[in-house]
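Each of the next two complexes has chain A plus one more chain, namely chain B in the first and chain C in the second.
Up next is the complex of A and B:
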């Protein structure tokens, strides 16, 4: 159904949208640029890999477990690091560096886990091609259909949670005005904890999805952290929806863009793949400094309509 | 009654208030006036647990509040209406009221919303609109309505008249007086528009550079020949 470059692009973009959405959520609630997203995403992949290796079946059934484990990592990060630092009114840099430290701990645990799996169970966890265990749907890889569905489902559930539930509304209130929210009786600790539950879960789910389009390694998350942040920054770091959209655009543009560039100028360009999302981010921010969230879409659409009418007349 | 004893407070390491002693009697309006930068907002932030209390006591009906987190202070019955950012601009009016009544049960929330909207009928027409689209006066009304949603024992009102036209300020002050007269709510009102505030107040404190310079009846401060002229910009003491 999809050509291979588009199928892979959809999986990659969906995974980046989940991770970028999580990064944005954590930033707007706790002012924390979460570098541990790398480790959380890698753990998400390994949870699916481990359960699939031992229990078999359909690998997608283990995605919820990846999400839950990511949430657990998020809870540990919040309670152990983020909450005490927020209480001490730590700067954004301190908050960010603390997550970098947490990420290094996660990376070490992942390395130990890989060693354990290799020596005890004779598995090969350091280079895993999860796409080999995927199946076909409508004459294309199931991942290219299921991954966007997962991203859209998470986006829809998140939207319903934030707009239709009392706790979700309290999250929006805390994001907008934490002091007034707290003075209204809303416990901001609970809101921040929930952000880490959702953010960590999205990171791990994104990692599990990501492993279907690239080789799963212990440093998979680290190699992708720049792209995750590029997506979040492109989204404007103001809205979760912007982050999810930014991640999707960056992911799709990188995957599809590098394919076309390789066809046009030769395969040597593949080595510069990582530069593409950063270039897209830089150009977008030059045109729209507040990212996608800062664009006044209704005004933009109105201007386009007016320009079109002008051309016709 | 809200009681403040020998309070020293500020932000992180910066001390702003020095040895504040203040009493807010039940069902009265206590007004704190003073020039810009006197520490009026810091006083309210100290009560709410937003600013840091270095020394002293804040006691509400026998319960010590010192450095309790804001949501716990709110749960004890103190309702804060800040000067800036006193509504959630991105939320609808209904959502704003829902957040203000966060601690209420579903049934209580519905009843309280109806009751508050009856008190401020002007808000009824905008209930599904985002608060950010309201005018300055309407926003202040919503902010007070939100303060009432919390079924407060004490309301802390911070400079509600800022940037409002004189006629609107008068209406806002009348609403505050009604809260005391009709609902029996205890109010601590911080104001720069001293004359209007002192007119409706029972008790008054003059705060200058983080220290209390006067305490007594609001009407006495309003007519004080020197203080009213020197610190409050009231040209002729009436």
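Up next is the complex of A and C:
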């Protein structure tokens, strides 16, 4: 159904949209740029890999487990690290550095886990090609159909949760104005915990999806964290939907854009793949320093209309 | 006049002195049990990272720029030293110097020729070394100026993330563009320390340590000057500095240019020490996050703290590497390599500092314009005057 480059791009874009959405969610609730997203995503992939290699069966049935484990990691990070710092009203940089420390610990645990798996169970966890275990659907890899569905489902669920439930409403209230929300009796603690649960889960799920289009390594998340942040920044770091959209755009642009560039310029450009999302991010930041969500669309349209009229008259 | 006992007691109880003494003891023990070479290599790594961390502290601790792209300027220094001085020598002596210089099949033949020339000519070796440093400093200043362009526009977190991403980008450029520094293969750096062959590591250690001391004195001089106080004012309140008529854009640019130039010298020293330049070795983990950890341990904003932070963590890393078999050998039973404990240590250190010691080992001291004795005297006289005049 899809050509292979588009199939890979869809999987990659879905994974980036999940992770970038998680980063945006954590930033707008707790002001934390979560570096630990790298470790959480890698852990999500390894949970799927471990369960698949021991129990077999369908790959996708272990994705919920990844999500749960990511949530657990998020809860640990919130209770152990983020909560005391938020209570102390630490600066953005301090919050960022604390998650970096957590990420390094996660990275070392992942590396040790890999050593353990390869020594005791004779597995090869350092270079995993998960797409080999994928099945075919409509004459294309199942991942390219299922992962966008996963991303859209998560987006829909998140939207329903935020707009239709009472807790979601209180969460939005806390995002809008934390002081006013806590004055009207909303427990901001619970809101922050919930955002770590969702954010961590999305990170792990994103990592699990990510492994379907690229080689799974212990440093997979670490190498991709810049792209995740690029997606979140493109989205504007103001609404979760913006983050999800930004991640999707960055991911798709990287795959599809580099494909067309390679056809036009030559295959040597494939090595500079990661320059594309950075270029998009840099241009967006230069034109709109607050990202896509920060653009005032109505104002923009109005000014375009006005410019057109000016040209006519 | 205070007697000597009081002075000693006051100074010995300081945290930095105690830590330095403990580290000195550890180092002496290591020297006795493992020989001097391990001390010297630790000293070299310590000097290089001190330079990088001091420059980071100038930008983060003194100016308040969220510099998450330290690796950019380190890469600038390292790649320039990998690419240009060797080519110039190759050109002068009629060896292949064009794009093919960085090709590994050519490079491993060309560099030994240059080594033979450098071995004999002490003036050339010295000039080569200084030229490398100057070149690295210039390219670092250029990169610092380039990164200062977005630094004026973006808010702190956005800036940090952008710089981080661009650090990765530069690494990939070096990794993919072979004529620069050999791409996936390493390019060899002509070694100016060949002239003291046999005592190379000693010479390198003392030279680098001297450069680190010079950088420390330079940064100490800058931060104690009116310019340094302006930086701190800018960090604490950009509004106030604007009120006082300071040009924020200009000050930030100056700080970034100076800091980047110094960091680039650190990168140049690293590639000269290792003798090779591999693009993939300049990861953001080693050259951005490690210096951040050193800086946080030392205490953001204090210069002597940087040196102490680097010293403590470098020695701890060395200890982990040395004792990974004997102390953490139980991990090998499950097939786990204890080398990963390095990351655990780094993570734990960062978390511990953030949670329990937010000001680091040596908290930043307030810079005063006058010596503290004179300020006390002035305060005293003001108090006397105010007590003499009746309040109404």
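Everything that follows uses one rule, which is that the second predicted complex is superposed on the first by the 296 of 313 C-alpha atoms of A that agree within 3 Å, B and C clash if a C-alpha of one lies under 4 Å from a C-alpha of the other, contacts with A are read in each partner's own complex, and residues count from 1 in each chain.
Here is the rule we use: contacts are C-beta pairs under 8 Å (C-beta built on N, C-alpha and C of every residue); 3 or more make two chains touch, one makes a residue touch a chain.
All of these numbers come straight from a predicted model, not from anything done at the bench.
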One more residue to check, A:226. First (chain B), second (chain C), both or neither? second
First (chain B), second (chain C), both or neither touched by A:93: second
Go through the superposed model and pick first if A:68 touches only chain B, second if only chain C, both, or neither. neither
After superposition on the shared chain, which partner residues are touched by A:272: those of chain B (first), chain C (second), both, or neither? second
Looking at chain A, does chain C or chain B touch more of its residues? C
Chain C-touching residues of chain A, taken from the complex the two chains share: 27, 33, 81, 84-85, 90, 92-94, 96-98, 100-109, 111-112, 115-116, 118-120, 222-223, 226, 229-230, 233, 237, 268, 271-272, 274-275, 278, 281-282, 285-286, 289
So, in the complex, the side of chain B touching chain A is made of residues 12, 48, 50, 69-71, 73-75, 79-80, 82, 85-91, 95, 98-100, 102-103, 146, 150
For chain A, which residues are in contact with chain B within the complex? 89, 166, 169-170, 172-173, 176-177, 179-188
Please name which positions on chain C make contact with chain A in the complex. 60, 66, 150, 153-158, 160-162, 164-166, 168-169, 172-173, 175-176, 285, 289, 292, 296, 331, 334-337, 340-344, 346-351, 354-355, 358
